[in-house]
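Okay, so here's the structure we're looking at.
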Amino acid sequence: MSGNIRVDIKKRYSGQEDAPDFNLDVNFTASNELVVLFGRSGSGKTTTLRCIAGLGKPDMGFIEVNGKVYFDSELKKNLSPQDRRPGYVFQNYALFPHMSVAKNITYGLKGKSDAAKEQRLHEMLGLMHITGLQNEYPSRLSGGQKQRVALARALAPNPDILLLDEPFSALDMVVRMRLRERIHSIQETLDIPVLFITHNPVEAFTLADKVVVLHEGSVHQEGRPEDVFYNPCNRHVAELVGVSNIFDADFAGKSEYGFVLNTDSISITTTTNVDADSSYSWGVRPENVHLHPAREDISGCNVFSTTVHSVVNRGASRVVAVDIPGGGSVLLSEMDNRNFGKLDIGPGSECLVEIDPRDVLVFALEEPAG
Amino acid sequence: MLEQAIFPLYITLKIATLSTILVVLVGLLISYLLARRDFTGKNLVDILVTLPLVLPPTVTGYLLVILLGKNGVLGQSLFEMTGFGILFTWQAAVIAAFVVSLPLMVKTTSAAIGSVDRELEYVAYTLGHSELETALFVTLPLAKKGIIAGLVLSFARAVGEFGATLMVAGNIPGKTNTMSLSIYTAFQSGNDSLANILVVILVIMSLVSMAATAKLVNRWKV
Amino acid sequence: NSTASSAQEADSEEITVSAAASLTESYREIVKDFEADNPDIKVNLNLAGSGSLRMQIEAGAPIDVFASASQKHMDILDMKNMIVADSRRDFARNSLVLIVPAGTNQIENLEDLDSEEITKIALGNPETAPVGRYAKQGLEEAGLWKAIEGKTIFAENVKQVLVYVERGEVDAGFVYMTDAQTSDKIRIVEEVPVDADISYPVAILADSEAKEASQKFIDFVTGPEGKRILEEYGFKVE
Amino acid sequence: MLEQAIFPLYITLKIATLSTILVVLVGLLISYLLARRDFTGKNLVDILVTLPLVLPPTVTGYLLVILLGKNGVLGQSLFEMTGFGILFTWQAAVIAAFVVSLPLMVKTTSAAIGSVDRELEYVAYTLGHSELETALFVTLPLAKKGIIAGLVLSFARAVGEFGATLMVAGNIPGKTNTMSLSIYTAFQSGNDSLANILVVILVIMSLVSMAATAKLVNRWKV
Amino acid sequence: MSGNIRVDIKKRYSGQEDAPDFNLDVNFTASNELVVLFGRSGSGKTTTLRCIAGLGKPDMGFIEVNGKVYFDSELKKNLSPQDRRPGYVFQNYALFPHMSVAKNITYGLKGKSDAAKEQRLHEMLGLMHITGLQNEYPSRLSGGQKQRVALARALAPNPDILLLDEPFSALDMVVRMRLRERIHSIQETLDIPVLFITHNPVEAFTLADKVVVLHEGSVHQEGRPEDVFYNPCNRHVAELVGVSNIFDADFAGKSEYGFVLNTDSISITTTTNVDADSSYSWGVRPENVHLHPAREDISGCNVFSTTVHSVVNRGASRVVAVDIPGGGSVLLSEMDNRNFGKLDIGPGSECLVEIDPRDVLVFALEEPAG
């Protein structure tokens, strides 16, 4: 094990009445980089962050940050939150209702002179685009304004580690983009580990040096964003990172291009090694499903003709759902408006589907947690 | 006749104010511990603090006399150390008022502290504030309404205190004759008009101090 | 002396006199005159019900002189050797009277209490208030106690009986003559004969550290000046 | 000697329980109005409710005698309507206990209600619940801790009530001799051993009722 | 004025100390459709929703929903929230902390039988994918679980109007997509007006029948999503809907393709009518900025050669920033990974930029609020 953050903890919440328990069993390491915790709602992201901050006590395990042991159940060591002093943005902001915005933001600047506090306050207000709000009380702020105050409060003391629980969820795109850059440069300037929770895949991809994917309390995959997004290790991770086309399949053999899987009446070839004895599902990202006019002549594998089921305009792109021949399900294809325009299709049109075998992801069914 | 009210008014305010200050200091500490900490004897503390409320004040006073008298546990050591006999002094009245009004402060405040969102305390911890600092600047301000209620109750109770005071401080004109005791004396000796005047003054004084407390509430911004 | 003395000048003495509530007015005057005669002695007058005063003393309160409204409380202290036995003196007597609300005329003598229209009679609690004990005794001697026992309302002190009678909440009540004289909202029906010594004892307490000054005070109370003042307030003195 | 405690215990529990029920009902109403509504005379209500706390109990008792007596404002009309003279009955003791403990309930509870997040009440309104339903099922449960504190204080105060009870209920053996009055009587008449036994019983009873309240708290889930 | 919702209200919050006041002045109508309120953080979206729900009182104006006058300052009419009974999802959820999930969800089902409540509860739990949590209390839920309980509570009573304040902000993509569809079909089935606040442009575009854009308290634009996204009426709206390239320009004349504007040393032609006397800025959506290999031969206007400044991988797409010749600023171009692969460029590469004059949006500088 190496890295500036080492987390290996277990924690159990027992469920009420006949509801199942929740078992957190998280293990990952990271250096001074921006780590995105990614996972379904209820997968244990917040719980993990709280344990690192010292606000929840793991049942057992080990947490080390920047060479300092925060928690070690064997040594019965458990640093207080005061000794950890993380910069923490809480999912629900948790602003002090009885303090003004200014007081909230400077509350972590213990022992600083008033002038230093004032200066830092104004830096933070500017950074968060909330200059002018310093004398307001939290009850008079909008959701996004509260969130920015919470961010400012966490960043102000230049902490050794940043724990950001969906810090941009209530912000508009313009501020969000600017703050993404800020967080990135703060991480680089301070050279500290940053743990960042987000549900936005684009945010995860663009911000992360490393992505840790949680599912039902345990880490399913951990790696650079490209690894996780382009090579999700199982169905759960795949769904999360936007592989919205996932189908069960039967092994059908091997061809010159690779292995062949059958779903309904189509055969899909993949370059991934597949074992005849196991059950699989395969998946493909919608932007890797390419559509061509029906009259076009395309050769190669994973080409089949079909009809357009429906088209959804997503503003900057279109999502075309096409029928999978011989089955009730549809395959989604996403393309930019210009390419869509060139295709000249609509619901009911005939068209050709083409999928590069290298883009076909294969997952063992019911793969155990990674 | 009015001059007969001046000393009682003065001594009552002095006793009630001092007792309330003590009650607030001790009460906040006990309330915080009761609301936020687990310790052995927690229930005992809770019970001991509440007890003076259920006892008839005379009994409380009797117990205090036993405690504070020259042969009492506390009174004896105090006397040996300072040569000061506390019984029948206004200081004894402060103690009596303190004992009978402490439960009001503690019950009210510990309930209010218990209702403060712990999450906010945790936030303060992550910002490097110790438990004491957090209690002072986060928990207590957020429990403000309950604390003010406890303070008003304690002050009013201290002002109205009678039975226990009579026992430990006596009813000595020019020394320990509080408003309550003076009203009692005037009333007992058939001096009804003096009693009435004293009651009116007592009521006005209480109203004024409550209004002052209300001002205090508004100042203390939340 | 026994109370906080550090603030006092060395040559002045301070004594604390605990006196029954019914002595309030008379003792205030006595203390004033006594202090004028004895400028080196300061008297703290502590006024409350005799029972409360006795409890204070038992618990160890720093009292020098105790003037009780009943022999019983003094007896209890005497039994516990808490008073200087030979300083004990009776300094005044009182008499028991039957009173009714002013303007009522159903009751003209003690026997009328047994009539059916009379439903509530206030007297002090015989167990705690001497005035109640005397009233009970008086009624027993008149052979009325059994008959009217169910109509009694016990009050804790004389003042409470007075209030009840003044406001017409009860049909009649028993108080001391001295108390009856302070109210004009009641009518005194008659003095109730009691075969008891309704007298007020005074004594120096065993723990007193100013026995000399205390003795001076008792001498003053039992002296001509004291007698004059007590008589003025309706007490009988020998 | 123990049998001398049975009736006082019974009557004390009866009086304190009834008074506390009344205090809770009336107190919750007043507290809610004080915390959530603006109306003319709001300050007056606040003051009137708190007053019995600053007055010496004897004075409160005296005022109650004036009010409840045969010739009193309330007592007279009650007597004319029902032929029932309330003075010197245990019902009068309930009223005395009610009056002296109401301020404890109101101060504590109105502070607790004032600290409840109004937003949650608004949510209930949008879900179609009337103000009353919302008060009962949202506001008051959320003010639980303060209400329990007020309840404990009120009950304890009612148990310990002495001065005012003595005035309005008399101290009639087998009718109105509460624990407090019995203890007082025993002490005053020099019957120390009875007094001590009664104190012990009173304390035990108070502990038991407080423990019961604690159970109640745990049941009433938040 | 027509429509099932008519809102025309003014409300002022005075700022603390030297901070400026906030003035809400909102006016829009909608029929039984899904209306997305879109706007920067602090623009007044929540305030508007609260006024419609009856939780905030406008200083003056008029609110009518489904033929019922909710508020009319002239008639001094102000329906209570009980009489309005909107299905409201609060931005901060506002769950009842003392009630179980089941109790929270069924709390709006006043007067229903226990069996009916039970049935509706299970429908809602299923709909929100939180089955099993019914006996938990809110303090034991994750952020996203709380949000779904809040949604279930609002939907359970089948309200006459739905007011949803960022109802999906804490949800993962998978649940979010499913719930988007649910909300859409609920709106259609119940045929009620739905007001929906979101900061997610794709969500706005795909969900909305109508978009109302708020800026600093007033409505700047209102229309179908295509109108708003493809023809934002001013800079503020444009920024919000993702027109991340916006530049100041000088009027340079008229050409055969349209009107010409100069920015730094490039000339941009637009088909929009432009007046010589005013100042303008122009903008283009990054997906409408097309890049071509430097060697390619492209004719037409709005073609210029430049160098690549940087490339950002957003997972499903790439954003290439290219220098604008003669100035310090960059122009962003977004394309899918396949097209990016074909281009074969990286930072420092030469390439050609092409922008269709029809995609060039023109805004008058400092246009007054719309």
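Letters A, B, C, D and E mark the chains in the order given here, with residues in each chain numbered from 1 onward.
Note that a contact is a pair of C-beta atoms (placed from the backbone, for glycine too) under 8 Å apart; a residue touches a chain by one contact, two chains touch by 3 or more.
If you want to know which protein each chain is, UniProt gives these names: A, E = Molybdate/tungstate import ATP-binding protein WtpC; B, D = Molybdate transport system permease protein.
Computed from a predicted model, the values in this text were never measured in an experiment.
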item	value
Where chain C and chain D overlap in contact partners, by chain label	B
Minimal step count in the chain contact network, chain D to chain E	1
Chain B and chain C, separation of their C-alpha mean positions in angstrom	33
Chain A-chain E separation of Cα centroids, rounded to whole Å	22
Where chain C and chain E are represented by their mean Cα positions, the distance between them in whole Å	88
Approximate Å spacing (C-alpha centroids) for the pair chain B, chain E	58
For chain E, residues contacting two or more additional chains	92
Sequence positions of chain D contacting 2 or more other chains	62, 184, 187
Shared interface positions of chain C, touching two or more other chains	52, 55
Every chain pair meeting the contact rule	A-B, A-E, B-C, B-D, C-D, D-E
Interfacial residue positions of chain B with respect to chain D in the complex	47, 50-51, 53-59, 62, 103-104, 107-108, 110-112, 114-115, 145-146, 148-150, 152-153, 156-157, 159-160, 162-163, 179-181, 183-184, 187, 195, 199, 202-203, 206-207, 210
Interface residues, chain D side, partner chain C - complex	62, 65-66, 69-72, 87-88, 166-167, 170-173, 184-185, 187-191
For the chain E and chain A complex, residues of the former touching the latter	13, 15-20, 39-42, 45-46, 91-92, 100, 132-137, 140-145, 147-148, 165-166, 169-177, 199, 201-202, 204-206, 225-226, 229, 239-242, 244, 285, 287-288, 290, 312-317, 334-338
Parts of chain E lying in touch with chain D, wherever the complex brings them together	53-55, 80-82, 84-86, 88, 90, 92, 94, 96-98, 107-108, 110, 153, 157
List of chain D residues in touch with chain E within their complex	119-120, 122-130, 138, 141-142, 144, 221-222
